[in-house]
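Once you scroll down, you'll see the structures, which are given as structure tokens.
Okay, so chain A shows up in both of these, paired with chain B first and chain C after.
== the complex of A and B ==
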């Protein structure tokens, strides 16, 4: 193995470049600051953007812990009415993209929305009602959209601890509440940090929600410099700053991931049976979160979609759907094949260098789509300029070759979702034991045969999951599609963006509903795995 | 007055069957007791009720002069002053070894805590490892940390729930002896729960054999082996075979291997059908004996062979024979009866 320690890394490098080139391009612009652009950004853009980003990170970070941790504790360790179905139903909000939740909540809770209208009819006044289009509103929506990350990981932690850790603390003289703070929470720290960093990465990457709320952050600022100001340099300068935030999160997340390795297996679930007022309170709390984050928004979507069904569901619609499906399927297949290559390389050439390269190749999950879009577009534009004279000499008449083609979109989407496909494949590969490989070898299989006759058949389930997860993620994806799509290429997500930017909630509901329904597929997978 | 009194306790789970039903025992200070039984017999439930994790439906539990549990009222676990070593150790992975051991010592000052932790680590032979994390230790070392953590607050009573079940067999017996020495050296009163009788024999002064939520017999390991009160205990403890027998005189019992005349431990009329328990050490190998049996199976045990022998009637018995007597399967060998303890049950 040691002889080949570099080989796996070299073979994985081209795939890693898919992520590395955009990242380096963006970071490089940080190294070549343009004073006049920075002066402009520093004066007009950055103060708001930095303040808003800080508010979001603290607000959403606090919010997802406040919802995710108690929900996880209740469903993993306690027993109360509805606990069984609530423990999986609380994952359902994962199917609802934050930008959908955003416009539904705005539509519901705004001055003209049904809630305030009803209040006015009943009491004659709704002026006391908190404004949804506010900083608090964005934080609330993002919290409801991203708490499942903390919930899922914290639940995992509490399931592995079980009641046992608390009992151990009790035998050493701590009451149950004291034991929770002293033992259960600190033991879960690596999971909590993991869930929190994922939620914060999504918060930094979010584009759709903050656009609905007109809440300026890095992603909207990048988008505006790109489209409204046509200033690619400013966009990359902003992107480079955003990447720095992201890298900090990545480091924290990787460390937390390492710390999780040393914890125990899932122990037999003996639960704390809640009594008295705690029983209905637990059920109510879970139901309230589920209703706010999923059930009510879904119902509202259905109502809106039904109201515009007759006028909106025309031929164009099948175009949006078809394009969404096409790009999602193409990206999912490409990404899954590349991820499969990474997984096989990692197994065949197990070494530090290979592992590091694979890690870099899957870094894109943390990088906001807006950043990747800029990072892919800049080198492609450069390449186009290089190629155009030759193409014209050959009789080509267009002004762009790669720029504005579906290929650019695929590159950016591939970088963003490599990890989504990689994870199920890798965990499938972990089920292929070294002993199974040795057994196959002792039966006379060569390395290549090993791949075809052992690895690939055993990875089939993982590959299917990978394709499905990617498909759905691309379907929901908004900023990359918006920024790199060919002119006039409209998908469901693009349609949602266009309708919401004009405040036409009902018209945005129809494509949203389709996205949410597809989004349910991987959640069902997740639920089945967790059961 | 005993240190711990468990009186007629009954425990059931959420309306289901009674897991523990009318169970009683008492434990003197400084004694090590063991609840021995197959899995599902309720032994862990008894332990958890003493710890304060399970409520009683009937009966009561006293420790020293304090009432711990009665139906409807129970002192919370953290106020009982009882230590516990869990089956999976339940060590805290986010703390070091020393922090784990010092976890229950918050009433002491920092220097006192440090001294006590060092003392406990020395006691269990882990003096050097205080700064390590749990995942850096072997299974046996983790077991000792769990013990040190439970002993550090000087509990009035220590509970051990299958403490060696995660260890391999060799380590199990060695650690069993070691733990017994530590408990004796610290004068700790302890209750151990296990399904492994060798573990129970190695550790305990008193053993309670449990089945179906009750104690069938409470006694020393010697008594359980040589004076089992019923067939269940006779079968559960040690090896042996029950042979049909008949009462032939006021004090005489006859069965296939001969007649034994001694005070018969059952009262019934002459001619009554009985069963006699013959342990492997009751049958000795003697080449000159006229009594012959055929070797049906043999298991090498190092110093001894455990032979399964067929008597002329086809009835099989077990015999422990020094291992230099190596006989082939099918061979006839001479045996003689050497019964110290006569164990007879009514049929």
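== the complex of A and C ==
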């Protein structure tokens, strides 16, 4: 392998460049130091936001595991009333944009919301009611919004080995709970880390949700420097630090994971049938999460959407929806194929250089969207400026060649969402053991045949998850769509932006609702297939 | 002349499926607020208007990256600060139009002639009459007085409207006095600052706080949704601030011509049209703002608040002092 140590990196580089070029544009900001802004931020802004960001990362990280892992275990390994439909229904919150969830929950639970208003009408006082616009509130909402990443990936892990691992542990004399903690959970580690990584990267990049709570994070400081202090350079410097932080985390995790093996035989095992109080408790737990993360916000969206239906819904919505679906599907497929190539390269050329290149390719997910959008746009505009004189000489009259083309839009979305497709595929690859590869080779399979006949079939579940998560994420994405879309290319997410930018939340409910409903289609279809 | 005749001929032949002239606009004013105007303009003049919407930050970054090859002829924003910044970054071009100068008051236009306001967004107080009397209210500065302890609601300092308000106070009183005022506000807060004006007005109406500072059109939107006979009874009332002193703080939504406009003449014509009687109502009423052109009467809900004195400091100050204002609010602990 060692003689190929650079080949994998070189082959992965073109894909990594999609992300690396925008990141380098952001990083180039360090060529222009901004001491004044930094002095101000250092004294009055950073101490608070760093503390808040740390709290948020721990809170959300803990929260998504606390919800995602038990839900995945219950629906993948156990049997209880409602298990069959809950197992896919619990993925639905993935389609609910986090900022929408935030706005709905704040609207319902704040002082002026219906819950506290009712309390005041009944008892005359609602001051004891916990404040939703608080650290706890923002952690709760982000947890509800991002737990599906952990749930989806952990479920894949448990479906492929959970029950077997538990049985093996029991044969070794462990009790059932001990078997879960000592064997099943550690065996699922790459999946858990994968889901956790996505949830934390999205938490770091989030601006929409925290601004509904007015909770200042590192991302808030980035946008404050840019939008309020008119200093894009300082904002880019802050964003670079964020990326470096994530890179270090990812590499440390890789190192800790080391050479442990996570593969096992995939056998359809009998489910553990829950008995006694555990049966209703499992159903109730699933229902409670589903209600808070999806059903209640969905109902609120329905009420709002209904109130503006007569004035806002028109024939253009067909176009918005169609374009949203097209771009999401195309981007999901492109990103998933690229991520698949990365995963295969990482397997074939297992060197540190390859791994680093591949990890770099996934960093776009941790960058606040608007900053990444500028990083994407600057090199494209530069290329356009280079090409336009020639195009004009040939009689072309426009001023956009690459800019505003759907192809560039797809690549830009690729830079953002590579991590989302990569994590499930990489975890799935852990199930393919070196022994299986050796056995296949000893049967005379070439490397190419190995890919087609062993890797790809075993990656099917992971690939479905990748496509599904990317589809839904692209559907919700705003900044890159806004920055790279062609003139007149309006999607549902663009529509949400138009409404929320002026604080018209009831009007934003209609396109948000359409995003959620359109997002449901692939969730239901793909999940049924995967079962 | 011959060419002109030809193009007119071509235009009339192609009318219906192609337009001879296009003006391209980058806008942070959202699509449903400006599209009806542009449609009306196209109908009247045959000139097609192409719009691309985004937030101000990305739009300016975009103009800068595109440089001389930008397709944009015109930039529209919803605050003066970003127009000032666009001008500061060299992204706009000076224009001198008699029509605009006549239609729009001088304090709403760039002293360097690179942009003009098209609608006025007034930022004033709303109060709950069952908790506080209008006679107890006077100025923004007075809200820092301890008598308002636990009674004040504010929106986040991250919103540009508050940055402009504080910027204008710096222009008036200097930094030291302004910082005192802002610290006083923070000390008087009834609850954590709000993420948006609508929620703030609802909090005033629900009695969580007695008084707050908001843009009027947010109140307008709430009233607009109520039946006409219920509006009078809505428990959040508008109060015109600083009427005995320097007047209500106003911001603008406005436009400028891009430095590398391909259709400079077309962009200027569009701006002139937007400042004219015909367009001003459509521009402002769509969002219940005030027309920038003082000859034009505002929407019925907006007019019901009565006339008011505006602060006449030039809007360019809001952009110039925005950075100072933001840093001051950070120092004062205004989140």
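By definition in this document, the second predicted complex is superposed on the first by the 285 of 531 C-alpha atoms of A that agree within 3 Å, B and C clash if a C-alpha of one lies under 4 Å from a C-alpha of the other, contacts with A are read in each partner's own complex, and residues count from 1 in each chain.
Rule of thumb we're sticking to: contacts are C-beta pairs under 8 Å (C-beta built on N, C-alpha and C of every residue); 3 or more make two chains touch, one makes a residue touch a chain.
Everything numeric here is computed off the predicted structure, so don't read it as measured data.
Chemist: Just to be sure I read the superposition right, which of the two partners does A:175 touch: chain B = first, chain C = second, or both, or neither?
Modeler: first
Chemist: With both structures superposed, pick whichever of chain B and chain C touches the larger number of chain A residues.
Modeler: Per-residue touch count on chain A favours C.
Chemist: Looking at the overlay, what does A:189 touch: chain B (first), chain C (second), both, or neither?
Modeler: first
Chemist: Output check: A:297 vs chain B and chain C. Expected answer is one of first, second, both, neither. What do you get?
Modeler: In the superposed model, A:297 contacts neither chain B nor chain C.
Chemist: Touch test for A:501: chain B only (first), chain C only (second), both, or neither?
Modeler: A:501 contacts chain C only, not chain B.
Chemist: In the overlaid three-chain picture, which partner chain does A:40 touch, first (chain B) or second (chain C), both, or neither?
Modeler: In the superposition, A:40 contacts chain C only.
Chemist: Applying the touch criterion given at the start, work out whether A:117 contacts chain B, chain C, both or neither, answering first, second, both or neither.
Modeler: In the superposition, A:117 contacts chain C only.
Chemist: Once the structures are superposed on A, label A:164 by its partner contacts, choosing first (chain B), second (chain C), both or neither.
Modeler: The first partner, chain B, only.
Chemist: Check whether A:462 is in contact with chain B, with chain C, with both or with neither, and answer first, second, both or neither.
Modeler: Neither partner.
Chemist: Can you list the residues on chain B that touch chain A in the complex?
Modeler: The contact residues of chain B facing chain A are 14, 51-53, 76-79, 82-84, 86, 88, 90-94, 103-104, 106-107, 133-135, 149-150, 153.
Chemist: How about chain A: which of its residues touch chain B in the complex?
Modeler: Residues in contact with chain B: 164-165, 167-175, 183, 186-187, 189, 262-264, 267, 273.
Chemist: Along chain A, where are the residues that touch chain C in the complex?
Modeler: Listed in rising order, the residues are 40, 44-45, 106, 110-112, 117, 131, 133, 211-214, 216, 220, 223-224, 226-230, 232, 370, 373-374, 377-378, 381-382, 384-385, 388, 398-400, 403, 479, 482-483, 487-488, 490, 494, 497-499, 501-505.
Chemist: Would you tell me which residues of chain C are touching chain A in their complex?
Modeler: Within the complex, chain C contacts chain A at residues 24, 28, 30-33, 50-58, 61-62, 65-71, 78, 81, 85, 88, 156, 158, 160, 163, 191-199, 202-203, 205-206, 208, 218, 221, 262, 287, 322-323, 326-327, 330-331, 335.
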